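In what follows, structures are represented as structure tokens.
Okay, so subunit A shows up in both of these, paired with subunit B first and subunit C after.
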Partner chain A sequence: MSPVLRFLIRRIGFFALTFVVFTLVIFTLPRAIPGNPLSTLLSQLFQQAQANPELIRAVYKRLMDEFGVGKPLHEQFLLFISRTLKGDLGTSIAFYPRKVADIVFAYLPWSLGLLIPAVLTSWIIGNMLGALAGYKRTTALDNAMLPAFLTLSQTPYYWLAMIFLYIFAVNLGWLPIGGAYSSGRIPKLTLDFIVDMLRHYVLPYLSILLSSMGGWAIGMRSMVIYELGSDYVDYADSLGLSDSKILRYVFKNSMLPQVTGLALNFGSILGGSLITELVFNYPGTGFLLFRAISTLDYPLIQGVFMLLISTLLLANLIVDFVYAYIDPRIRTGYIGE
Partner chain B sequence: MSTLLLEAERVKSYYHTREGTVKAVDDVSLDVENGIILGLAGESGCGKSTLMNTLMMKIRPPLYLVDGEIIVDGERISKMERKEIKKKIWGVKISLVPQSALNALMPTKRIIDFIRDVVKFHVDVSDGEIVSMARKRFEELNLPEDSLYLYPHELSGGMKQRAVIAISTLLNPKLLIVDEPTSALDVSTQKRVLKLLLDLKKFKIIDSIVFVTHDIAVLRQIADRLVIMYAGKIVESGTLEDVLSNPKHPYTAGLIHAVITPEPEIRKRGLVSIPGEPPNLINPPSGCRFHPRCLHAMPICKKVVPELVDISNGRKVSCHLVKA
Partner chain C sequence: MIPPILKNLLRIKKFDISVSIILFITLVGIIGPFVYTVDPTALHAPPEVPPNNKYPLGTDSYGRDLLAQLLHGIRSSLYIGLTASLISLAIGVTIGAVAGFKGGITDDSLMLVTNVVYALPSIMLMMLIAAYLKERNPLFVALIIGLTSWPWVARAVRSQLMSLKSRDFLAISRMAALSDLKIMFEDLIPNMASYIFMAFVLLMSGAMIAEAGLSMIGLGVTRGVSLGIILYWAQLLESVRRGLWWWFIPPGACLVSLATSMLLLSTSLDEYFSPRLRGR
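Let's look at the complex of A and B:
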């Protein structure tokens, strides 16, 4: 068997295990929250059902089948697993009778459309500015940049989001205060709608971009300073290799930890964006998750988390490969001698 | 044509730091003749590494060349731009074998790719020529050809050391500066590295070597001439035998007595260490910088800086005890 294939199998096996442990956690945790998710739904239904007693029995049977209520927990879990494997994430309680998968996939594009560009641009800009500051260390430029990075990195997303909202939307009125597009509009591919959408996009995007940029820049700056002081830089210099080439070496080696950082950060940013989405009333998965938790909608909570963890694991898998591609030492570690 | 490969005239190179000016190399003149191995010895912190960097103009803030001239193979490099020095001098006329060869290679590039980057910057040759050049040199230094296609972490310590030497001498530089290459190696590997350096000279790949070390015992095996530094100044220089068998400066004598040596009278006496520590070079002692540690110090030593005087064909000492 080729080492690469063995590495791949080991990696995927590891992720499968993570996934199993994870499903157990997301199954158990929401059920540990006190409260009965069905109560609201049932009281609504009963009000309607008083007019039609026939319906009560039908609804009761439906709900028992749908949610497995009343069965022991382990049976509920097995039911959940077997449905999930079949690709069925179940039916939402709060949005009854809509399917969880349909709801999640309606919200997901907004989150991805907001997060992926914001995270990637903050990563790229942050790394470039950090590398510049590291290269120009001890100069006035670095002395100005470092405090700015530190301030940004310690600024919470949601705080920056609220400040932006207050200044640019409420006080100055330049930009809309929330939503992904003006209410009453129907999403369609017209210039008018796209402009409207972008106007709603600016503030949430900038708040994520700026608050996560500082951390990348600080990390990159210290990596570059460390690498610039390393023996191989000194040796390459003494062999007369051009400064620009040496800088490219340093940049390449400094990027390595940043790549892992990116993968790990996708997770925390997915979670962190929850509050950004709440502040801006942005219809993404964070917003959806908040609604799901506040209504104790077990299937929906499971569905959102399922999606988040799959994204995260996939991102990690991709990063593993990227990492092995750019760092030969890691490659050796992965596939063995 | 001059037989001097390198001439340094009254060189002063200082570190400008917040605490003050560190006079790490203070008024040093040094010649390296064609075809010799010059050993540069002294304790840690005596300025030998700074001198080594200065000799090749590897000078970066906070280190500054305050005064003096350096001429390498007819080129006045002390007046050259850094860019020009990098292109025309380093790797081509002077090459360095760094102290930490173990981490000296770019970790995320195959050795051949690193070589390609270096060579391409200096000379206009095709990739194929570079590969055959590298192969030839690796073969000469008994390195397996395949190792060219490995990453540095895939080589053993001894192989890395030899690979670094091979890369440093790839463009047949006239002068090789070697910075404590043996200090991190075990004795048998040390021996192999020394033999390798001698071979490089024998095969005329390089002309001369400046060997920087604190280890007199290593210099005994390889050097033709010795230069002893103390606190930023040269205190004594001469041929290996002259300096070792008849040290004129009390510091040189102290250095030699502090090392196990084969001379019978020293063996009998046992090891004697030099009392005290090297001085702080921000505020060096007045007069002779060695006087606070010197067993023979006289009143004049505190006041007057002794000149480095030639006592007989090339033997130089800077001490008030010695009269020309």
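Let's look at the complex of A and C:
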């Protein structure tokens, strides 16, 4: 078996295991926490039963079926897993009788459309700026850039979002104050609508871009500084290689850990961008999650996390494929991990 | 009188700046509520007053004093950050140390668990657990954060230990037939003390930011104030769109200055303890 294939099979196995562990967590939590809010929710449903008996009875029956109440635990878990794998994430309470999967899929594209371009551009720009700062270390440029990177990397996306919203939308009125498009418009593919959508896109995009950029830049900067002190750079230098050629080697070697970093940080960036959506009333999964939490819609909360984690593990797997392709050590079977 | 290590550290500018900011905000959080004795939850003041002499940081839409909220908020955010980071540190160092020290199947299985938890973003695990707790006091929130944030520490401690294990002094301790525990606590942990302290600082800033994130999505402490809870109310009651800048700017600024100073502190310690980075 080729080393690349072996590497990929191991990674796929690892993500499958991670996914099973996560489903186990989602399955266990509502059953393990004593006096959990689910029972509160059920008792609330009973109290409201007088007002709308038909609906409540339906919701109650659904909940009982979906949680498999009364069956032994391992049967409940098997039921849960088989339903999940079929794509059935249960029925929402707040949006009854809509299916959780349908609701989440309606919101997910907005989140991904915001997240993916922001993450990729911030990764590219951050790495380039970091490499520049590392190369120009101990100069005025680095001295100005480093504190900025440090501060940005510790700024919550949503707080930067609040400040941007306050300055550019509320005070200066240059950009809209929220939403993904002007209210009253119907999404369609006209130039007019796209321009309107982009105007709503600018601020959330910039908030995520800027505040996630700092971390990449810091990582790249220290990586470049580390590489510049290594033996092969001294050797290349003594051979009389040009600075730009040496820098190319250094950049290539420093990029590898950053690719791994992209996979590892995807989750926390996603978490931050979910909250950023709230600030802008952006109709993504963060917005949906907030609604689900405030209405105690547990099937919906579970469904949102199930989909987000699946997306995330998939993204990690894609990064691993890229990694296997670009890291010569994996190609030659030099390392297994 | 001053230990030499501290004397050397004080010569580093980054160290001085970051420690001063951290100490200042911490003291404000600890002493502040005793000096400025306004109740942060009282609804007495007129609503939405901008900062003035009577209300130094203004008031919110319910007529709560925002300076009082900020002081109590800093205090409880620091408490949550400290507790959570100590929990993560204990779990992370134990798992990392045992895995790195024992090796073999112990190492493999512990690292598999660590990597699985590491692959799941901690902020999402936190949200998921917090969603099932009806009452969330600061200790619960700290526990949730602490129990989900340790994997990177375990990995880092393990790799540090691996490199320490090949050193000669360890072979000598082994020849002297010292017990595993003794070697761990007398040879290995002291050698990693600076490293563990850096991890602690980073865990703490991470925990405070995580607290704010949890609060923003509606899963923060259910009673009382924290920096995140102030931001949550500011967000919920549309402070930004209504131009109430004094509501959302100060708590965020406190959080960012604290977290940035902690990151700066850990970088300065890193430069001090690994001379290879110094002067580069």
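A few remarks follow.
Just so it is clear, the second predicted complex is superposed on the first by the 270 of 337 C-alpha atoms of A that agree within 3 Å, B and C clash if a C-alpha of one lies under 4 Å from a C-alpha of the other, contacts with A are read in each partner's own complex, and residues count from 1 in each chain.
As a convention for this text, contacts are C-beta pairs under 8 Å (C-beta built on N, C-alpha and C of every residue); 3 or more make two chains touch, one makes a residue touch a chain.
All of these numbers come straight from a predicted model, not from anything done at the bench.
When both complexes are superposed on subunit A, subunit B and subunit C end up sitting side by side without clashing.
Residue contacts after overlaying the shared chain place A:G240 against subunit B, while subunit C stays out of touching range. Between the Cα centres of subunit B and subunit C, as seen from that of subunit A, there is an angle of 70°, stated in steps of 10. In the overlay built on the shared chain, the residue A:L29 is in contact with subunit C alone; subunit B does not reach it. Once the two complexes are laid over each other on the shared chain, residue contacts for A:V21 go to subunit C alone; subunit B is not touched. With both structures placed on the common chain, the touch criterion links A:L209 to neither subunit B nor subunit C.
Once the two complexes are laid over each other on the shared chain, residue contacts for A:L114 go to neither subunit B nor subunit C. Comparing subunit B with subunit C, the partner in contact with more residues of subunit A is C. Contacts of A:L278 after superposition: subunit C is touched, whereas subunit B is not reached. After overlaying the two complexes on the shared chain, residue contacts for A:S230 are found with subunit B alone; subunit C is out of touch. The gap separating subunit B from subunit C at its narrowest, counted between C-alpha atoms of the superposed chains, is 11 angstrom.
Comparing which residues of subunit A touch subunit B with which touch subunit C, the overlap is empty. Subunit A contributes residues 230-232, 234-243, 245, 249, 252-253, 256, 326-329, 332 to its touches with subunit B in the complex. Of all the residues in subunit C, the ones that touch subunit A in their complex are 112, 115-116, 118-125, 127-129, 131-134, 205, 209, 212-213, 216-219, 231, 234-235, 240-241, 243, 245, 248-249, 252, 255-256, 259-260, 262-264, 267, 276-277, 279-280. Subunit B meets subunit A in the complex at residues 56, 58, 85-87, 89-92, 95-96, 98, 100, 102-110, 114, 117-118, 121-122, 151, 153-154, 164, 167-168.
Taken together, the subunit A residues at the contact with subunit C in this complex read 14-15, 17-18, 21-22, 25-26, 29-30, 33, 35-38, 40, 137-138, 150-151, 153-156, 158-159, 162-163, 165-166, 170-171, 177-178, 222, 225, 228-229, 264, 266-268, 270-272, 274-275, 278-279, 286, 289-290, 293-294, 298, 301, 305, 308-309, 312-313, 316.
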